[in-house]
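Got a structure for you, written out below as structure tokens; questions coming shortly.
Note that the chains take the letters A, B, C and D in the order they are written out, and that residue 1 is the start of every chain.
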Amino acid sequence: MIQEFKSKGKNYLIGLIWFFLLLWPLLGIHSDGTLSFAKAFYVWFYIFCASIIVVTVYIIHKKGLTLPLVKPLASATNKIYGYAASMPKPVLFIIIGVIAFLFPFFTERYAQDTAINVLIYICLGLGLNIVVGMAGLLDLGYIAFYGVGAYTYALLNTLYGLSFWLSLPIVAIFAGIAGCIVGYPTLRMRGDYLAIVTLGFGEIIRIIFNNWMQLTNGPNGILGIKPPAALIPSFANGFSFEYLYLKKLHYLYYAALLLAVFTIIVVSRLSASRIGRAWEAIREDETVAEMTGINTFSLKLLAYATGAVLGGIAGAFFAARMRFVSPESFTFIESAMVLSMVVLGGMGSIPGIILGVIALIALPEVFREFELYRMLAFGASMTLMMLFRPKGLIPSKRMGVRSEEKEE
Amino acid sequence: MEYFIQQLINGLTLGGIYALIALGYTMVYGIIQLINFAHGEFFAAGGYMGVILLSFLSANGYLATNPWLCLSGSIILAMIYCSLLATGVEKIAYKPLRKSSRLSVLLSALGMSIFIQNGLMLTQGVYDKPYPSIFSGGGFDFGNIKISYMQIVILLITILLLVFLNILVFKTRIGKAMRATAQDKTMSSLVGIKSDRVISITFIIGASLAAAAGIMVGMYYGSVGYNMGFVPGIKAFAAAVLGGIGNITGAMIGGLLIGIIEIFGAGYISSEYKDVFAFIILIGVLYFMPTGIMGENVDDTRV
Amino acid sequence: MKFKKLKLFVLTIITAIFISAGAFAETLKIGSMGPLTGPYAADGNDIANGVRSAIAVIEDEGGIEGFDKIELFAEDTACDPRQAVAAANKLINSEVIGVIGAYCSSATIPASEVLAEEDIIMITPASTNEKVTERELKYMFRMCGRDDDQSKAAVSFLKYKKAKTVFIIDDKTTYSQGLAENVAKGCEAAGIKVILHDHVNQGDKDFSAVLTKLKSKAPDALYMSLQNSATGSLMAIQAKRIGIEATILSQDAVYHPQFIDIAKDAAEGIYLTCGFMDKGTESYKNFIAKFQKITGTDKSGAYSVYAYDSAITLLKAIKKTGGTDPAKIKEAMLKMNYQGASKNISFKENGDSSSSYIIFKVENKNFKNHWNPETGELFSETK
Amino acid sequence: MKKPILELKNVTSGYNEIQVLKDISIEVFEGEIVTLIGGNGAGKTTTLMTISNIVPATSGEILYYGKPIHKKPADVLPGIGLCQVPEGRRIFPRLSVENNLEMGAFLRKDHKKIAEDIEYIYQLFPILKERKKQPGGALSGGEQQMLAIGRAIMGRPKLLLLDEPSLGLAPLITLKIFEIIEEINKKGTTVLLRLCNGNGKNYRQRYR
């Protein structure tokens, strides 16, 4: 125990010295030819204190001294988990559904806005999950389909005046075609070759959005997109339905909720189906899957297309909500964010991905207070979360160990 | 014709820069099959260290009296700095995840990339930093064709590094250990290779290369910015894949190719679509040669 | 008589209560938006610092009656429409009266739609795209000039320089491309031949290909329309290295001290269009003093001055109306006509302010007033 | 009494939550050939991996020449004469045959002797000499097995752990490989051999 502590302490000390060595040149060497230590030391000291506190808490926790504090909390959460687990699934869904339904009634617009973002990203995350989590194809350009969806709706709406709900099937077709176009040449590739090719496709589509002036209006984006409309019951003159554009945030929230629920149902049905099992077989071992009679070619293409359709629908809603699209929303970092949500939440697991989305959308919003430190904290917490939960927050139960990863 | 040659020189220079970054990228990839997103950030950190040290020296007047000594000293210090940074990042963010799925490491790398980039921004400010200008000027004129000294230096250094790395990997003891570790970590520890140390050394070499590249690029373009690592990082990744990831010569060829395609695409067709040309060629090459131009070193592993 | 005195007494007390109640309750909240992270973080921070300087100046002057404190909520848009909308919603939630921002036109436009729903005044210090004010939003103002005005100044300068051919490069942002297109149109109309209108991408560092192309066409002038001053300096350095002799004209986004810091010798002799700023005025001196106090440098970009003026205008209007009713504030702003730090400030009905573009020239590592398109005359050396 | 060269005392180990070895004890004396046999999944491979500390022992002691080695990292063991030919051969597929052999002597510094040893291996397995420039991955299964054994011998082991050297090989080659194991053993290397049931029947007697 003491031995272990000694080596840990040594590592910790080395870590602190290492950190100072990295920090000082950045803060202490000035271009006017002077050296200073105060500022670097000051920053370092802050981090030193913070880390001491964290480490102490960690040690105390490890030794079990926090048990009296943690125990009631843990037992309480366990109880809740127990209740939730013992409850029949429909009841659980109804409770979550009711909470989701009532959400706009007791929140302000900022929370609603964030909630809409969360719902859009749930659609995106679940769509990407089909490609990455279920079929095991690393896709770094997923946001392209989101963009295709957004632009398709934007153009249909602004040029032909098609309404949101009518556009959705067309959006789905276009996104599906885009998925096949991206999917087809990549099917021969594996692993990181696939990664760079999908990344390349993502960039190509963004550059086309940015440069095809006649169609997309380039960097200026497309303005004046109509939000989704709905028949709202109105009681003003007796009872009638009123055709209304959903401009108010809470109406939009319900539309987003509808899409998210739709996506969740699609994905959960898919994962329970033959196709879902075939995808998972491809993920675990493509060669064996092929030998058992799975048509890997068309199924991989199907995975791309399905993922793209879901992404495209999310994109159409994004365009309808923003009432404005421009290529800047579809950069590589967005793809990386969606991928992070999927991996962080737990590949292949629907509740996991929902949690992952909430975590990654909420984090930057929480850190918004820190302004400049926001992205710094975001990057650090991304790494930390991976270190502590490498399989994701809620790992999928059906994720096997790949043969090639077993022993190393 | 003059136009063609000038564009070719431009392309070779840009390609040389990509190749410089891609060399480190591909080495790290080769050994632990990790797309090290933070590599671009090591490159930026190297560029910043160059600015910090050179402007410090120039303010003290050393730069004017002893330019070459100052430059080489700065490059060495920046290399050491980036090595420190890289080993630390490796120990903190990659090593604990060695047994997890490769996507977790990928995310961890992405997190580190965001962290370092913003760390640089916070400590060094959001403005680009200018390099002292004494190295960037000068060049040869052949009629209308201009070749600056920096362009020659970049190409020379890339070729030198390529030779040096090939010797290192294929002829030396550590190189053999690297290759063995890359192929089979368990077995290599059964024959007595300390694979953790080999991986650290690979990171150090990769980061030193990135640091040198950062200073080169800083001097060539005249400035460094905190977000300078991201785009070249992706291009270098593309270059490494194009050449056959894990293959050192391949990375060099891939880098040069991407640079030349970009420049010719911009020079002859249209500059706003130049990245499209680069990526289309990449996709096309990979479609017909799914393991890159130089092939080799593909483990049949997926996500 | 006695009754009257009593009445007066009661009235005084009531008034006193009202005034004191007003004095103690309120913090005046204003917001700023701009890219605090990402490639345009430099300009975003300039905007936030400009607003901070304005608040400091107003507070030094005794603040605003009815409010003890002016608080700034600086939000990050990262130049991304989605984040801009989120930031706008956050500002709405913080109950700000007005917002200074945003920087990129592509962030300003969606954010302004959200803010407009809640009748929050928005003054953009930097988005020059015509669409910003052409959508007839009620509370949308613009402090900087418009793309079309700036391009007019640019074209008349090219005419003055007797350029026959011009090569245009833009970096494909709403701002730079809009401007470049206006210049191209203006040039055609003025009989200057546009040899090629080429584009580069945001974040590019290597322009050797397009500059080589330019050199082979040997135009009289290069119009360099870029959103980022650092990109501008990279292009200037490479243009010099490759031996381009054309007159180089750029615009206000490049008007930033770091352009000269980085480009050094290569910046010499480059022309820029930018709003005329009389650095001798009292307001500018006020601004720069505060700016230096806050940031530790007196090198301010073009947008911090506009942001400063926007904030001052907003705060002055609030002071004048004594309340937070947006309609009244708008009215007060439309009536305003005073000498700001950047220019003489007065708003048109659609929310645009005047443009006062002149040509600057980089000389001896400084931006010098060079030529006035209004009068067609050179500025004298003393200015 | 002679001291055992390798001694496992109540060793427990396993992968993550799955405990594979429970309280096993083994003694191996110098000059012996000891065979581990057992059914599928009995933990033979895990035993060898635990001795080499690829799979760490969770409790118990492993003594080598009387000194505990279960805390030492795997990569120092070849340096003190404990080499393993693991299950599935694990040739470095993209290194040449010769490089593979050199890797076996990674911790040795005596270049002259290494060259001699390589020649010795080529004598044992002439086929390897013919293919010395080819990458390891291009060899057939039997050749790879020879290469794996040869690589382990390059470390000049005092104790050689062999994991199923005959798996999937033609009977003739198997015979040849066991002859060579015998020869190495006579030269003073102790061998701990792991066999599957079926093969074990044929050879157990001979090597007892």
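In this section, a contact is a pair of C-beta atoms (placed from the backbone, for glycine too) under 8 Å apart; a residue touches a chain by one contact, two chains touch by 3 or more.
Remember, it's a predicted structure, so these values are computed and weren't measured experimentally.
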Chain pair bearing the highest count of C-beta contacts: A-B
Greatest separation from chain B - chain, by CA centre: D
Whole-Å gap separating chain A and chain C, where each centre is the average of the chain's CA atoms: 35
Between chain C and chain D, centroid-to-centroid distance (C-alpha), Å: 74
Distance between chain centroids, defined by C-alpha means - chain A, chain D (Å): 48
Overlap residues in chain A, where contacts from two or more other chains coincide: 207, 210-211, 372, 375
Multi-partner residues of chain B (at least 2 other chains): 118, 121, 129, 186, 272, 275
Pairwise chain contacts under the document criterion: A-B, A-C, B-C, B-D
Chain B-touching residues of chain D, taken from the complex the two chains share: 52, 54, 73-79, 83-84, 86, 90, 92-95, 99, 102-104, 106-107, 151, 155
Contact set on chain A toward chain B in their complex: 15, 18-19, 21-23, 25-27, 29-35, 132, 136-138, 185, 188-197, 199-201, 203-204, 207-208, 210-211, 283, 286, 332, 336, 339-340, 343-344, 347, 372-373, 375-376, 378-384, 386-387, 390-391, 402, 404-405, 407-408
Contact footprint of chain A on chain B as seen in their complex: 29, 33, 35, 48-49, 51-53, 55-56, 58-60, 81, 84-85, 88, 92-93, 96-108, 110-124, 129, 185-186, 234, 237-238, 241, 245, 272-273, 275-276, 279-280, 282-283, 286-287, 290-292, 298-303
Chain A - residues contacting chain C, complex: 108-110, 113-114, 117, 207, 210-211, 218-221, 223, 247, 318, 322-326, 328-329, 365, 368, 371-372, 374-375
Residue ranges of chain C touching chain B (in the complex, touch as defined): 37-39, 41-42, 45, 172, 198-201, 203, 205-206, 208-210, 212-213, 215-216, 230, 233-234, 237-238, 241-243, 258, 261-266
